[in-house]
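Single-structure report; data block below.
Note that the chains take the letters A, B, C and D in the order they are written out, and that residue 1 is the start of every chain.
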């Protein structure tokens, strides 16, 4: 699948999209439609989530799904407001995303609702509070 | 089982592959990135090595203004040797750098 | 009085504690050295086992607080005592063992199992999941190899029509080694497989598979207790090899090479070493089996071979 | 009765500290819980605090075995961020080192796997022959572990003509040895007994749990970043993607050993077709705002680096997704239903590299302070 085909599949669900080259595309979607976009990709036989990245972008937290679409890689970005950082889990669509969601959960404090096992993964058991990858975090 | 038996029996008579390390040493190849050594005659005290060092292992000696490398911080990448404009720093083949006292782990 | 003294000498010096201890530790050293060379490495010096055991005796003795102390402590002593007793019953120097019993074959088979049972008890009493797991694997494995081992020994006993090892040895001195009798060859193969299991060597080192359950039943043992267990295990190697020697290879028969009289003890040790080296080779060319695979292998292949021999000699 | 067998953080079957809790009934595993994080070193955060040129060396130290993969992936990402094309010769040198590293990693893994099934002889022989690759890498790069071959914008060292016959000789030895090992591993009854139909991962599960690398290829998933997302010189080199359909441990052994032979072919081809010319272009230290993703087929599978630049000489955010991390979810279906005896080899069969997996932490990188447990806490944990 070329990058342009991957974008075609989700064109109804994105705010903006851009093709970087034959094998790279980026798209930005919103909280209401990101699951539909992921479903649309799954219907195109995209099964592989390479990873999920969380980024502290000031007011918002950007959650980027890196999706392996055949021969190309699509970075699908969702902006989550920092005041209320909640997202629906995508583990029902991509079971392999479970660990990545847990990592974003504890590193950036985004809650993934409906996650099957939202326990700690990297941080120690007696970790008190704070999310190490947020900008303001100080040891 | 049977395919490996001949090799196993042959090995009994062969010389072991192990090298008894502290007693015998294998000569390292040309270009090994070992202990960095500064040629103080050539050095022009430009401080470039201090800036390129990815691990801040190099500082300039306050009196002589020549670089001194902390071998406990050095990662032996060889960036300083590459960056040096007068080729005063060379990566030697010396690799046995363990010392009892951390203060001695320094190359000047 | 003299009888008691000679028994004491036999138990403590020859062929008991001192002699077997030294020889078996040396044998294990040779085994380790040869195994190392088979794997193309240098390996430890052949007296390494003496160093290891000696060091263990000097180490701190720790008993886990939740272990059953009595069993945990007695297990190594019992294992050690039993296995030295086996050496007294084996014909080591001549057809006559140091301690004469009526049916010593049965006694030996029993005594050879006591170290295994002690190891299991030690594992169970150590209150450690690895120990318990290793012990339960050991029990299962015991039922696997022991059947083949006993039937193989029985085949020889039927052939010779006796239950005494000294009779076996004198029979073989007259009629040639039993291994040369084709009807007993399957029994020999079966018993060699069985001792691989008995001595916990690859492919049957399942009860102490270190990558799975650390050191199995011996996980919690340390210091002198571990040293005793270790010596008991080392002597078991010699005892089992000696037992097979007496059954199939003619035992300690003196022989002549170019006019030089080789005493029985030397021929006994050479034969034992040959068997030990055979097991060494076997452990270098195989992977560890799983417990169910091992038991299936014992019960089908080894037992069938042993039964075949038994039927042939009847 | 079920009881819990804890494996790790310290255990002979694990070469690196991770914690697994296996709930077992007799010998059968009925559930498994995985806890990561014993090796967090704060590398993602650390990369954000360093310049690109310093980060290159930190990225390399994420893993001791696939160090070149991280090195390569980091520099590729930075080159994409800066929009630089690297010279052709550099691409070929990167490919050769990457393939040598793959051979090194796969032989190392094969040795570990042999150890896990108790085949000590094979373990020793595998590692003996691995020395040849290490010697070659040492000769080319100057170090046995941290090759530091990639610079941002090319490579740091050139291949010298006098190296070529030595590489050729080394590859011949390796090829012969690997072929022998393939014949041993595929015929030995004890190996087959321990590896066949063990730890089966179906193609369906492999795709659902997003497995990567040789692990996925052994389950019949035809995925290889060298072909699907070509980097370095792979687009110009013909090679086969090795797949097996069985999905058991044995398939993983076969896939890895055959990949070693495949890698030898790639190196030969690359040496043959290597263009001449410069090996490095300069990349400015400050990189304008941009974002880039780069993927590399590390020996263990797809490795992903994602970087965002912000116009300074340090990245705004750096994300590393090493291959083992992606393979951990697929461990669960492989364990459940198996026996305790299968734990080591099944775990080893994904070629776990926990060092890679635990990149993020809270230990302060500059002071290296770590927490000391009180006796009370220790006792509570021991229970």
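Here is the rule we go by: a contact is a pair of C-beta atoms (placed from the backbone, for glycine too) under 8 Å apart; a residue touches a chain by one contact, two chains touch by 3 or more.
Keep in mind the model is a prediction, meaning the values are calculated, not measured.
Of all chain pairs, the one linked by the largest number of contacting C-beta pairs is A-D. With centres set at the average Cα position, the gap from chain B to chain D is 25 Å. Centroids of chain C and chain D (each the mean of its C-alpha atoms) stand 44 Å apart. If you average the CA atoms of chain A and of chain C, the two centres end up 62 Å from each other. Centre-to-centre spacing of chain B and chain C amounts to 51 Å, using the average Cα coordinate of each chain.
Touching two or more other chains at once are residues 38-41, 284-286 of chain C.
Contact of a single residue of chain B with at least two other chains is seen at positions 1, 4, 8, 17. Shared contact sites, meaning residues of chain D that touch two or more other chains, fall at 121-122, 125, 128, 188, 190.
In terms of which chains touch, the assembly is arranged in some other way, matching none of the line, ring, star or all-to-all patterns.
Across the whole structure, chains are in contact as follows: A-D, B-C, B-D, C-D.
Residue ranges of chain A in contact with chain D, taken from their complex: 23-24, 26, 47-51, 53, 55-56, 64, 66, 68, 70-73, 75, 94-100, 103, 107, 120-124, 127, 132-133, 139.
Across the complex, chain C meets chain B through its residues 34, 36-43, 281, 284-286. Partner chain C is touched in their complex by these residues of chain B: 1, 4-5, 8-9, 11-12, 14, 16-18, 20. For chain D in complex with chain A, the touching residues are 35-37, 40, 42, 44-45, 207-212, 223, 228-229, 291-293, 295, 302, 304, 306, 308, 316-317, 319, 321, 325-326, 328-330, 358, 360-362, 364, 371. By the touch criterion stated above, chain D contacts chain B in their complex at residues 50, 53-54, 56-58, 61, 121-122, 125, 128, 131, 135, 138-139, 142-143, 146, 148, 156-157, 180, 183-184, 187-190.
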